[in-house]
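The same subunit A turns up in both complexes below, where it pairs with subunit B and then with subunit C.
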Partner chain A sequence: MSTTYYFAIVGATDSPLYEAEFGIHRAENTHLHQFVVHAALDLVEDALFLTNACYLKTVDKYNDWNVSAYVTPSNVRLMLLHEARSEDSIRSFFTDCHEFYIKTLMNPFYEPNSPILSQAFDTKINTLAKKYLL
Partner chain B sequence: MATQAGNLLKLDTRVSKRSNMLLEQSTAKPRRDKVGLGAFAFLLAEIIRYSQNRVLGIQDLEAKMNEIGKRVGIRVFELMMWREKSVHRETRVLQTLVFINTVVWRALFEKQADSLGRSTENDDEYMITDNEPAVLKYISVPKEMSSFSPGAFLAGIVEAIAECCQCPARVTSHLVPAEGMPLKTVILLKFDKEVMDREKRLDSGK
Partner chain C sequence: METDSAATSGWLEPSNNNNELLERVYVKLESVGFRVGKRLAERFAPMSRRLSDTLDIVKFVCKDLWMLLFNRQIDNLKTNHRGVYVLQDNKFKWFLHMSGNNGGAGAARRAQPYIWFPCGIIRGILDGFGISTVVVAETLGLPQCTFQIRVVSDE
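What follows is the complex of A and B.
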C-alpha cells in the first residue's frame, strides 16, 4: 500500500481554498479523495460545538482511510485524508499549516475565503509534508 | 508563443520571490508594534472622505465603514488567537464577547473596552462601551449628518469576529455623549435567532 495523503483547506463558506496531494498517488483516486473529504465536512460541523480545541482528531473513516480535521478560530477547516498515522505528527503538520495560513491572511491583498494561489505557499506546504508525513 | 509562455513563467517566479517574504515573517509580537495616532487618524479621515464620494446616503456610508472594519476584524482575530497561550476556538456568545472586550481591544487600542452589558429589554442584545475610542478622536461629524456614527468602523471589526465565532450578529454603533465623554460610543450586537436558540440548548444541556 502506498502512503498517500490528500490535504485540503476549506474556507468558512465551504469552498476549497487549497488542495495538495503528497506521496505516491494514482491519478484515478484523486476524485475519490475529494469526495470523501467533502463528505466528512458534515461530521466536522457536528464535532465543532462539542469542544473548544482546534484539532479534532479523526472525524471520519472510509475503508482504510481516515479523515482528520483541524478548525481554525475563523472557521477555516484543514482536512487531511490519510491512512493510519500517529496523531502527533498530524497535529504538528496542522499547526504549522495554520501558521502559514495566518501569514497568508495577513496579506492585505488576499481576500479571505478566496483560493490561495501563491507558489511559495505551495512550496512551504510540500516541505511540511516531507517533514511530518512522509 | 513559446517566448510568451516563457515570459509569463518568469513573472510568476518573480512574484513568488516577493511573496516568500510574507511566509518567512514571524507571527510573534514585534517590538515596535504601535502606529502613530496622527498617521492613523489621517488615513481614517481620508477613507471616510473617499467613501463619502461613492455612497448615496448615511446608511450606505455606515455599511461601507462596516465592510472595511470586517476586513480588519478577521485578521486581528486570527492573529490574536494564535498569540494566545493555547490556540483554541470560541463558540459561546459570552466567551466571544469577553475575548473581544479584553484581548482584541487591548491589541488594537492598548486598553480594554470600558464595559460589557446585556440589554434588559431584549435577550439577544449585548453592548460594548468605549468611553473614548482613540481612532475616532479626530473625526468630526457635521450637524446635517448627526445620525452617522463613525464607530461603524469598530462595529465592522466586532461583526467580523462574531461571525468567525459562529455567532453571527447585526452590529451597529451609536454615539451616546455623556458627562465629560463627548465621544462615548456604544457598540450594539444583536445576535441572530439561531445563535440564541443554540445558546439556550447548550445552557440547558449542561
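What follows is the complex of A and C.
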C-alpha cells in the first residue's frame, strides 16, 4: 500500500510557512492535498474551542485521507494529511516538529510568520518523517 | 551606548534634544523587548496545554516568566477584571545594585530606561498569545517597580 503524507505549517496570520510531502507522491495530487489541508483549517478552529490540548488528532476526513492538526501556543498550526495511521506516531512527529519550529523561531534573523526557507529545517523535517511516518 | 551617555552626562536638565534622545531610546528598547517577548512566549509556553484565558497568561508571565528572567516571581498581581492588570515587583533584580546619592526621585528617574525593555518583553509575550496590550511601567522608589498592562481590544 502506498503511503503518502502532506505536511504543512500555517502561521498565526493564516499564511503558509512551510510544506512538504513524504512517501510516494504524484505531482498531480499535490494541489488536492494542499486544498484539503487548508480547507480543514476552519475545523481546526472549531476543535480549538473544545479542548486545551495542543494535539487535536484528526479534525477532518476526505475519502481515505485524514487531516490531523497540532496547534502551538502562538496559534501556528501544524497540519498533516495522511491515510490511517497510529495517533501516537503522529503525535510524536508533531511534537518534534514543534521543537524544530521553536528552534527556527529562536533565530533572530527569522521573522515570525514568514516562510521557512532553511534547508536545514527541511532536512530535519524529512528525517522526522522517515523516523515516525514511513 | 546611547543610554549610558544619556544617564551620565547630566541629562537631568530637561531640554528638547534630550527628550528626543530618550524617546528614541525608549522606542528601540521597547521594540527589542517586544521581539524577544514574542519568541519567549512560544519557547516557554507550557506544551501540555494551551492557555486561553488572559488572566492565565498574565499569571504565566508573573510566575514562570519572571522566574526564568529574574529568578523570582512578581510579588503582587492586581486586576480589575476588565482588562487592566497591575504587576508589582518589590525587589526588581536590575534595580538591586543601583543607588542614587541624591535620593529617591532622581535615582528613580535615571532608572527608567531599565524598565522599558521588560515592558517590551511583557507586551511581546502577550502578543505571542494573541492579546494586544499597552504596557507601561513606573517606579516609585528603587528597588520597587510596577508594570501596568492594559488590554487593547481590536474594536
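The working rule: the second predicted complex is superposed on the first by the 133 of 134 C-alpha atoms of A that agree within 3 Å, B and C clash if a C-alpha of one lies under 4 Å from a C-alpha of the other, contacts with A are read in each partner's own complex, and residues count from 1 in each chain.
Keep this in mind: contacts are C-beta pairs under 8 Å (C-beta built on N, C-alpha and C of every residue); 3 or more make two chains touch, one makes a residue touch a chain.
This is a predicted model, so every value here is computed, not measured.
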Subunit B versus subunit C as contact partner of A:39, first or second or both or neither: neither
Which superposed partner A:120 touches (first subunit B, second subunit C, both, neither): first
First, second, both or neither for A:24, with subunit B first and subunit C second: neither
Which superposed partner A:112 touches (first subunit B, second subunit C, both, neither): both
Touching partner for A:104 - first (subunit B), second (subunit C), both, neither: first
Partner chain in contact with A:134 - subunit B first, subunit C second, else both or neither: neither
Partner chain in contact with A:12 - subunit B first, subunit C second, else both or neither: both
Residues of subunit A touched, compared between subunit B and subunit C (which is higher): B
Intersection of subunit A interface sets (partners subunit B, subunit C): 12, 48, 52-54, 71-75, 95, 98, 102, 105-106, 108, 112
Complex contact set, residues of subunit A against subunit C: 12, 48, 52-54, 71-76, 95, 98, 101-102, 105-106, 108, 112
Complex contact set, residues of subunit A against subunit B: 12, 48-49, 52-54, 71-75, 95, 98-100, 102-108, 112, 118-121, 123-124
Residue ranges of subunit B touching subunit A (in the complex, touch as defined): 12-13, 15-16, 19-20, 22-23, 25, 27, 71, 74-75, 77-79, 81-82, 87-91, 164-166, 198, 202
Footprint of subunit A on subunit C - complex, ascending: 35, 38-39, 41-43, 45-52, 128-130
